[in-house]
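The two complexes that follow have subunit A in common; it is paired with subunit B in the first and with subunit C in the second.
So, the complex of A and B:
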């Protein structure tokens, strides 16, 4: 089982995504770049300061690549043009989603995760999006070397860290 | 005057100015044309009563400023735009001396509701908390994107299982009225009346089928009412400033007589004085659909069936607003302050609607061309929150009453005879709740009737301040007509970006922002602006 947020884990997530979408009849055509920003919130041991940032490219529904950016590394080094979707939220929420403890749709509906981009496409391909989210949430057996969520009680200012980000 | 540019924008309301500024920042030479003597359209602020008393003639309540993309994209705060969000946002004052107040502090709002019904207070807390979580996500999806169909939308909600996750969102809401929603979840008539009143001030009548779909979102923004410091016109001014700083030109007193079409493509405009302005890339109309298609475009520019649909199928709000603007020497002191002192600090005040049935009866009356049986206007005193809008010691007052555009057989011109009489009735209604409002404290006042709305701003057809009915039949990809809902027109290079378009009027900027996305796609503009 890969450790969370390692190259092996990203590869496993990518494979899980592609297995999931291969079951779908209708997939979005074209290429889309998705950026994910997981912001330190004082609780997750996996995001100590600032944020972990990821990029993923989806082509005709399948995940071509999935990589983490190094601190200070520009998105432009990997992407020509515009980021199509951005997901932003506190680290604990993303950790809990990856651990299968929190439903990503619930997290978005309660405003814990911000989603930006062409929401029409996202809604028109709801089955595809759902499949991506399920791959992230449930499909990969993950180890948590620094501890598995849920974490200890909330420390002050965790929500504020995201609000300011 | 510039005679050739890249983009001509017809109309300098907030949508026209914002779109002009976006295009100018995208490197285009932009000309925005305004029929009136100044920019702003519905953002006009004028000294309607006495010198120094600044009255917001049309738009007074701005509820989307924090979500609307131009705020950040166009650096409006840097240009001097400032808003106040009053702590006591709204109040309903009832005939029996009780009152309900909505605060920026949820606990205080719930405490106020609990004085009528503890159960309703808990329901409101759950509804607000749920809606507050998804309001920005859903408004970003529904408002700041070119519209989807209701079918696509409900299908997606079903796939994501939203109905199972929510106490309040349901696919069934697309067929229900706000009244039905309120009856399903709330118990106390006054609580329901206040929530319905809030919807009405937003333009959502509580008895129209389908509008329940939007109600949780309205509640999610119920504490987000903001006042533009210096008057609503300040917003128009900062938009103009941004346009100008990026090379755009605003021309006032420039009535467009005709859109020039060559080979099926919009290539410019001709002004009423004969001046021709050529547009290399696009022409945008932000005025009403009727003028655009029936007056400005040459005959034969669009298919006959579209012309016919514009003539017969457009839906306008079947109700309008009668306003009274007042210059006062003191603010109202409500008798209901004995019950809840916060009513004297409330911004938007419902004077008397105590049940949804009372509102329903008035909707029926107004839609059939009659005045409401009992005058129950809403009141706002902006000076309580922005002292700059009146001379020292003075206060501006605003009363608004739902009213028909055409009264009985007299049509809209009947208002010319009735305006002062009905204005006095509205003031008397205010005095019933605030005894100090009267000859001793009112320095001057003037009525502003539904007929005045259309005379001043002809694009608000038949007093329709939302520039199109807010109803299921005129929503999303059906507004203003299915063939025009995606901001494009059959005339190449001619776009629609006014409040006639999805989502509707109000200071959302969404028509301009959404049209911008379509124009960017068509013209290959690089999107530098932020996603919602």
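So, the complex of A and C:
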């Protein structure tokens, strides 16, 4: 079982996504680049400070690649065109999604994760998006070397500030 | 004679509320649809009142209020007007035209609570539905 946020874990997520989408009847055509920004919130031990940033490319529904950016590394080094979708939220929410404690669609609809991009396309392929998110949430057995969520609450209120950013 | 240009009404999100994410999504959907479709803009400019959209499997709703020159999307289902409800996937499919609203109604995948003003329900349903001119996909 891979550790959370390691290369092995992302490879496992990518494989799970591609198995999931292979069972869908309708897939979005074309290529889409997705950026994910997991922001430190003082609770998750996996995002110490700043943010972890990831890029993913989806082509005809399947995940082509998934990579983490180093601090200060430009997205443009990996993406020729624009970023089609951005997902931004506090680390604890992403950790809880990966641990299967939080439903990712609920997190987006309730504003815990901010989603930016073409909503029409996102809604048109809601079933595909659901499949992608289920792979992230349920399909990979994950180990948590620094502790598994849910984490103890803190009183700084930093999480809410990120969620509303 | 030159045809009159219909400018789309402003679409704003009322801040706050637990469904802020859904409100932002609906607002972005409305902005894109109204910008692409003069017929939607015309109807939206004439409509007055509130309609509520509810995803009943998520227990979340937003209220769309049509006023003079502007539409406000609130992150709560406070409206006393008509209600369009259904599961998240079904609502998304109907809005984006991948499923017929009539078929979804007949199959009870979506539900309508008819309240006055009924015209605002028509305006909301039309405004959130993606126009055909937007194309089926982006390749």
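In the analysis below, the second predicted complex is superposed on the first by the 158 of 165 C-alpha atoms of A that agree within 3 Å, B and C clash if a C-alpha of one lies under 4 Å from a C-alpha of the other, contacts with A are read in each partner's own complex, and residues count from 1 in each chain.
Note that in this section a contact is a pair of C-beta atoms (placed from the backbone, for glycine too) under 8 Å apart; a residue touches a chain by one contact, two chains touch by 3 or more.
Worth saying up front: this structure is predicted, and the values here are computed from it rather than measured.
In the three-chain model built by superposing on subunit A, subunit B clashes with subunit C. Of the two partner chains placed by superposition, A:55 touches none, neither subunit B nor subunit C. Once the two complexes are laid over each other on the shared chain, residue contacts for A:28 go to subunit C alone; subunit B is not touched.
In the superposition on chain A, contact of A:17 is made with neither subunit B nor subunit C.
By the touch criterion stated above, A:82 is placed in contact with subunit B alone, subunit C being left untouched. When the shared chain is aligned, subunit B and subunit C each come close enough to touch A:105.
In the superposition on chain A, contact of A:63 is made with neither subunit B nor subunit C. Using the contact criterion defined above for the overlaid structures, shared-chain residue A:38 touches neither subunit B nor subunit C, since it reaches no partner. Of 206-214, 422-430 or 440-448, the segment of subunit B running into subunit C after the two structures are fitted on chain A is 206-214. The interface of subunit A with subunit B overlaps its interface with subunit C at residues 105-106, 108-112, 114-115, 118-120, 123-124, 126-127, 130. Of all the residues in subunit C, the ones that touch subunit A in their complex are 18-22, 24-25, 28-29, 32-33, 55, 58, 60, 75, 88-89, 92-93, 95-98, 130, 134, 136-139. The residues of subunit A lying in touch with subunit B in their complex are 82, 86, 103, 105-106, 108-112, 114-120, 123-124, 126-127, 129-130.
Those residues of subunit A lying in contact with subunit C across their complex are 26, 28-30, 105-115, 118-124, 126-127, 130, 164. Put simply, subunit B touches subunit A in their complex at residues 130, 132-134, 136-137, 140-141, 145-146, 148, 152-153, 155-156, 159-162, 165-166, 527, 530-532.
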